[in-house]
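Please see the structure below; I have some questions.
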Amino acid sequence: MVEAVVFVLMGLSAIAGALTVVLARNPVRSALGLLATLFSVAVLYVLQLAHLVAAVQVIVYAGAVMTLFLFVIMLIGVDKEESRDETLPMQRVIVGAIASGLVILVVAITVSGNFEWVPAAADGVIPEATNGTIEVVAESIFTDWVIAFEATALLLTIAAAGAIALAHYRRGPANG
Amino acid sequence: MTTPEISWLAIAPELVLALGAAVVLLVEVQWKPAIRLLGWVVAVTLFAALGLTGWQWVSASDSLASGDVSALRAFSDMILMDGFAIFGRAALLVVTILGVAAGWQFFRGLGRRGAEALALVLLAAAGFSIMVASNNLIMLFLGLEVGSISFYVLAGFSRESSKSDEAAIKYFLMGSFASAIFVYGVALAYAGTRQLTILGLGEYFDDFVVSSPAVILIGIGLMVVGLGFKVSAAPFHSWAPDVYQGAPSGVVGFMAAVAKIAGFAALARILITAFPSFDNTFLPVIAGIAIVSMLLGSTLALVQGDIRRMLAYSGVAHAGFIMTGVVGGSTSGVLFYLVVYAVQLVGAFAVVAVVSGPSSSGSELSSYRGLSRRSPLLSGSLTVLLLGMAGLPVTAGFVAKFGVFSDAWANGYQWLVVIAVLTSVIALAFYVRIIVIMYMEDDDSEKIAVPNTVKWVLGAAVAATIIWGVLPASLLDLAADAFPL
Amino acid sequence: MVDPGWYMSLAAVLFLIGALGMLVRRNALVMFMCIELMLNAVNLTLISAGRAMNDLNGQVAVFFILVVAAAEVVVGLAIIVAIFRRRSTASVDELHELRG
Amino acid sequence: MTSLIWLVIAIPLVIAVVLHFFGRFLGEPLAGWLASLAVGAAFVVGLLAALPFFAGEAAAETIHLWDWMPAIGANLEIQWDQLSAVMVLVVTGVGTLIHVFSIGYLHGDERFHRLFVYLNLFIASMLTLVLAGNYAMLFLGWELVGFCSYLLVGFWFVRPTAAAAAKKAFVVNRIGDVGFTIGLMLVFTSFGTLSFSGIFERAPEVLTTGMATAIGLLLLAGAVGKSAQIPLYVWLPDAMEGPTPVSALIHAATMVTAGVYLIARSAAIFELAPAASLTVAIIGTATAIWAATIALAQRDIKKVLAYSTVSQLGYMFLAVGSTAYVAGIFHLMTHAFFKALLFLGAGSVIHAMSDEQDMHKMGGLFKKMPITAITMGIATLAIAGIPPLAGFWSKDEILGSVFERGGVFSILFVIALITSLLTAFYMARQWVLVFLGEPRWDEGVSPHESPGVMTIPLVALAILSFLGGLVNTPFMTSFEHFLEPVFEGLSLQHPPEGLTMFVVLAGLSVLAAVAGGGVAYLSYRRPQASWEKFEDGFEPLWGTWEEAYRVDDVYGAAIVAPGKRLSEWAAFEFDLPIVDGAVNGVARLFAGVGEKMRPLQSGYVRNYSALLLAGTVVVVVWLLAVGA
Amino acid sequence: MLTAIILVPVVGALFVALVPANRKELHLPLGIALSIMPLAIAGYLFWVFAPEPGFQFAVDVPWYEPWGLSWSLGIDGISMPMVVLTAILVPIALGASGSISVRTKEFIVYTLLLEAGMFGAFMARDLFLFFVFFEVILVPMYFIIGIWGGERRVYASMKFFIYTAFGSALLLAAIIGLAAMHTSEFGAPSFALADLATVSMSGGTEKWFFAAFALAFAIKVPLFPLHTWLPDAHVEAPTAGSILLAGVLLKLGTYGLMRFNLSLFPQASVDAVDVLGILAVIGIIYGAVVAIVQPDLKKLVAYTSVSHLGFIVLGTFALTSGSLQGAVIQNVNHGLTTGALFLLVGLLYERRHTKKISDFGGLQKVTPIFAGFFLFMIFASIGLPGLNGFVGEFLILIGSYATVPVLAIVAAFGVLLAAVYFLWAYERVFTGEPDREENRAMKDLSIKEIGLLAPLAILVLVLGLYPNVLLDKIAPSTEATLDHVEAATGYVTPAPGRLADVFVVGEAGE
């Protein structure tokens, strides 16, 4: 019951945030909208017992990523308001078409009724999920998923190297 | 507290590549050596990786012979060491070697930043080879991203041309968009089956009959889209022409080739291993994508004025042809085609890099006028490679096309084959256009000096094109053995 | 308790909003946020599915996606900055030199 | 000896080849003599080979040379029988004389030896034709003589008219040959072979009347072309562009008679197709009178002879058409003699008048060149049909046979009779215009008698024209007996028996001849003004005749011009714009589509992502549609 | 032996490629010498070839078993003449290329590769192998036209390349399909002609496959209305190119029809007799009619090819002994005569740098030998008995009547038109008074040029008078083909279509 209420609230705020991201003309607003969504989603994680993930979500995303975003936004100018009028020909039409197509799709799926998100368990009752505590998650990460974990190292290296290569201008003959 | 199961051999090549990248970066920071030293490091790294891959092949075939399949699954089914993975990995490494050699002028021209570029190349190779080997879809996604992100950077690497960073941002935005779509597909497939591994999915569908497969189907669709983007199949191709044209010509060949190999390897593995029970459902869709790619690619390639855009669109068409092979349902045809095409593509771009400067963006067809006079080597090899891509006999390209078409036909997609052969005629037309410009339009501007590295690359590419065209058995047998687990 | 289907439906909605955002916004940064939005939707899906089927892998997967997202952010912002340096704009509509 | 009969063909052929390569070095007159010698040798061989026939012993035989086209039963094989013997002797005999004559006639021409190459080649081809043992080989000779005539008519190719005439001759002949070819198709399909020996025995049981008629008519088409009958005679007058000896040899004595020979050869088939025979006869008669009328008014000495030849060939067709094959062949032979003589004589005249051919510019040549005059006179009498010259006997036999045939043929008989009157007229007119009356030469021409090489053949031919007829008179039909084996088992048409009938008919024809000749003599004996008035008296007929009924113009307007227009239309208004246009159109289509699609790649990321997303939606929807 | 004849030119080409480019004077003689060697081999083959059905000198080397590919060559009565023809024409074509001054080396290389390809195509007994050669040939020919051609060479070569490639594309699809059917029926893939002939298929399928094959070959032939690439290609191609194009490449089409359509799809062939026959006859008449008014001598000859090859197609599908033999030998005949004609036109062009008929006139007076050869070849091509052209056409016409009387009759008019267009052209070019100065100055044939033409002339004569040198060796194979068709379809050739029906006159003569 509680879960339901929280879900509805957070769901709404998540959607609101998402819409802000898409519709706000000022990037700062969009950023804040995204922030809102992230938070609400984190809460939804908690609702689903993914405690650690929720924490990471807040720390990494809200903490690091969004800061970075805002930083860049400031860097390249807050005042840049984006005008609403569509400059691309047809773009509106296309978007409308796609959107309506999606709506129709969703409707069709729901109407057809032959749709379930998760396969119904054998005995019909959803098993009680284990808590996503640090221990269990960590164990999984460092045993089964260890290689993936190592692979993320590559990602971060690339991120670093790439960022430097792109944004950092050295003094040097080859590049001004 | 269980301990992780480690199989060093399974990841040895990637490990070496990562180490190599690290060494390059660190050495650079520490000693700022001459770039050619780094070049040697890279070379050693790549060849070592290739050697290890060969070792993997041997041991894999041993354990297959001894029927001990479990040895091929590593890291609790995260990645596999089956023939398919190894073959794909080898292909990636070969292409990387050729790519680095072909683009060497570019890397050298970067001066201090060359190190980062080289490191990124190595890391990209590592990422994609993980992708090819992955059994776990998230793992696959990681590999994909490792590769893609390095590519985003490489695309924007040259600061000379404003086109370069336009290419980068386009590639980046579209790429991450596609990745998101892909991973959402993964998520949906997981939701529908509780499986994150390809083999797991396969087994799952062996055991259960899915009553309402909608979620799974959407998942498949989204994954196809995500990978289709990577291999620049229409209508998910739009990034390709711009990126090919904008990115520095030194690396674009490598990027294109590697992305094709990895993308198609993953696509083939997923479709053939994970969702065989749905093939009647998705094969028509794949065939549809194939047709759109072939037609759109070749017709648009006809009207391009820039050889790199032309190659990009022809790449779209080729994606269509390879899709035909996927429809054919046999991996060997696809793998053979991939290797052949990738080699030819790198070779072709090596020529482009020489003709229109290694770090430039864009290369007008007009700059190829009279190339046969200015550099018979370049024009000659480019001719062979183009004819190879066009799929004329005694080139490997023909054998490749023949293979995939045969598979598709045998698999009941005759109409697809017919359309494919007809579009290959259009394709012929635009390849021939370039040959016309090189041989039949004269322009006596100065001769072009060809760097040795490029000479080697061209030699290799042409040799491969001809030899595998005349005696395909050597490669075809390997490809035939390299079936997914 | 709430049926996991609802969570996933919510995720789907977020995903679509993000996707459509890619189409309507021309500020590279905002488009990029849309992608983050989509990735979040993915995460939400994974977690809900994992919880529904009592499978931890869902949650674990989310970690890696987070990492990927972070890496993308770094590189992406770097690219955007680089472009801004050159043209002092972040509007992708002004980048259509390459076409045809 | 008969086994060596192939020598008859071989000798001239070899000599032709030799002359072709070395003639230049032999030069004049050696090349000519060698050539004449070759033909003479052929004549001798033929004579020796024919001796058994004269003795009445040997039967026909077929000598197989070598396989040619076995698949259609067509090999190179020689049919050696009385008919071919006659033809061989005529061809080689007359040929020899004409060769000799040519030596003198072509004196001083820088392509002297070339002419003899062609002439020998022609002789060889003609002999191939007459010796052929099957239709294919006959066709071989048939075409080769056509080829030679192309070469010879166009001998003076520098003259555009000559070149055109040569082409015309060949093409018009080809028209007939198409019919011939189709006829051979029918023959092959009915008999499964083209070999005479395989065809003629089995003809009665194999052929239906319809098929026989079809074959007959198609062969007739070929014959009509070669023998210059209506409607394909137009090439022959033009062919006079060639050197006169050529006209004598090819367009009078030998080649043009091939058609007659063909029909006589195929008698066994015509036997089964009376309708076809009748057609032959009618065409022959029509041609005879038609050409005769044209000949009346010609001024060019050779044109007269040309049309006269056409007319005489008409006679032969009439003969073979009324199944009087012997008569036909007989007339063929005699005609060969006197018409060759006439042409050579005309040649001698033209030679003397330094290439003047207009008879209005001649006259009074008798004193200048008596031999020519006398010999030509004999020929004129012969063709006019004055007894006892050759022409009389052969023509009379034809008339007799036709008369005897009765029925429709009676009409033909009457027309033929009129024709002989006209013949006598125009021949006499020609002779008188040329040799009598006051000279009307252009200044500068000083006529003189031709040298011996030219006159001797004239004399020889004159003798033949005089006596040649005696081989087959009603009183001594040795020629007929000689040929009988060839037409064994066929119903031959003969002149009526009995002296009275003969006298009556002969009287009629002689009367006609004398009348025609007399009128001509009387009217043209007088000065130019008067006979020109006489000619004007026949206007507008005379004019039409002089212009040969303007048939060429009609053909030109009716066939040539439209054909050319059609061809131009096909080439420039159909092939290029439409057929080829379609091809290029397809190519342009693809390029166009490409251009149209380029905007798809607008360069705007948001379009791209729209495309991507749209694609995604489509894929997903499609999957769901297929899957669920 | 057969492998050798293919490899010799290839190796030769590589060898020439290695000769330093600055030793120009070496290239051409070397090329000719190298092309003589295959001629020697071909001569030997011809000599040893036994007049029997079936393939001789067969070579069978597995190429890639899993796909059922094999390097299997062999020649029978239908292909042997083509091999010999190719071997004869290539040296002549090279000999005629003295005027090629730029990039001689490449030219030789391409020509030799072309030769190898043509040999392979004619000798292949494995469809995959055939296709490989069939397609490979396009490339060198494309370069020959495109690099050494006339003003519109690019357009022409492009058109040639793409048009013909389009045809072969469907051929490829069909071959793949056949192999697939073989796999599904016998379990193992195979491309061997003999194996594929045994594949059983429904009438509909057979028709489709037949259509694909026929289309590919019809474009090559070229059959109306697919002929328009030919005039362009010919007009632009250098002399050697034209010689080989008309002499050999076109024959790939007719050869393919005889070899593959008849033996692989007998039923469909029998059903298609009318369609292809009609197209062929249209081609005969149409090509001739269009040729008449062509202002360009080379284009004229090109259109005559359309007309003449119509005869071959007609003969092929008339399915009688006579017509099929005629078709095969006409392949050779047309190669010789048209090759020679293109050579002559090429020599004219070298002398006057124009091909427009209206630019000439009265040449016979200036260059009698030239005129002589030209006239000779013209009449050979018109079908003058005693020369080779007649043998083929006559066999075809007479033979075809049994099955397609109407078409045969119409075709007979093609012979008439041939006389019209050729003689008119000859009249305009060679007869009359040479009015133009440059014409009066024209040189007659040199000894070398005569040396090139004489062999052709001799062959023309020999084949005209004693065609049995070939017919003997052709007949068994054509008979076998017809037997195969009849056996496979129950179709019976109407008498007297087959040799058996021919009424043999009792051995007269001895």
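Labels A, B, C, D and E are assigned to the chains in the order they are written; within every chain, residues are numbered from 1.
Here, contacts are C-beta pairs under 8 Å (C-beta built on N, C-alpha and C of every residue); 3 or more make two chains touch, one makes a residue touch a chain.
Computed from a predicted model, the values in this text were never measured in an experiment.
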Quiz prompt | Interchain contact steps from chain B to chain C (minimum; 1 if touching) | solution = 1
Quiz item: Given the touch definition stated above, what is the smallest step count connecting chain A to chain B?
Solution: 1
Exercise. Weigh A-D against D-E on C-beta contact pairs and write down the one with more.
Key: D-E
Quiz prompt | Chain nearest the global centroid, as defined over all protein CA atoms shown | solution = E
Exercise. Averaging only over C-alpha atoms, locate the centres of chain A and chain E and give their separation in whole Å.
Key: 69
Exercise. Please work out the Cα centroid separation of chain C and chain D, and write it as a whole number of Å.
Key: 97
Practice problem: Using mean C-alpha positions as chain centres, tell me how far chain B is from chain D in Å, no decimals. | Solution: 79
Exercise. Indicate the whole-number Å distance between the mean C-alpha point of chain B and the mean C-alpha point of chain E.
Key: 44
Exercise. Give the residues of chain B that touch two or more other chains, as numbers and ranges in rising order.
Key: 138, 142, 145, 149, 152-153, 156, 168-170, 173, 177, 181, 191, 194, 212, 214, 241-242, 429
Practice problem: Would you please write down the residue numbers of chain A that are in contact with two or more other chains? | Solution: 88, 91, 94-95, 98, 102, 109, 112, 114, 116-119, 144-145, 148, 152, 155, 158-159, 162, 166
Exercise. Please list all residues of chain D that touch 2 or more other chains.
Key: 587, 598, 601-607, 609-610, 613-614, 620, 624, 628
Quiz item: Each pair of chains that touch: what are they?
Solution: A-B, A-C, A-D, B-C, B-D, B-E, C-D, D-E
Quiz item: In their shared complex, at which residues does chain C touch chain A?
Solution: 1-2, 4-10, 12-14, 16-18, 20-21, 23-27, 29-30, 33-34, 36-37, 40, 43-44, 47-54, 56-57, 59-60, 62-64, 66-71, 73-75, 77-82, 84-85, 88, 90-91, 93
Quiz prompt | Residue ranges of chain E touching chain D (in the complex, touch as defined) | solution = 159, 162-163, 225, 227-229, 286, 289-290, 292-294, 321-322, 325-326, 362, 364-365, 379, 384-386, 390-391, 394-395, 397-399, 401-402, 405, 408-409, 412-413, 415-416, 419-420, 423-424, 426-427, 430-433, 465-468, 471, 475, 495-496, 499, 501-510
Quiz prompt | Sites on chain B touched by chain E in the complex | solution = 387, 392-394, 398, 402-403, 405-406, 409-410, 414, 417-418, 421-422, 424-425, 428-429, 432-433, 436, 439-441, 472-473, 476-477, 480
Quiz prompt | chain A-touching residues of chain B, taken from the complex the two chains share | solution = 1-6, 11, 18, 21-22, 25, 74-76, 78-79, 109-114, 116-117, 119-120, 123, 126-127, 130, 136, 138-139, 142-143, 145-146, 149-150, 152-153, 156-157, 159, 168, 191-194, 208, 210-212, 214-215
Quiz item: Any idea which chain C residues touch chain B in the complex?
Solution: 8, 15, 18-19, 22, 28, 31-32, 35, 38-39, 41-42, 45-46, 48-50, 52-53, 55, 57-58, 61, 64-65, 68, 71-72, 75-76, 78-80, 82-83, 86-87, 92, 95, 97-100
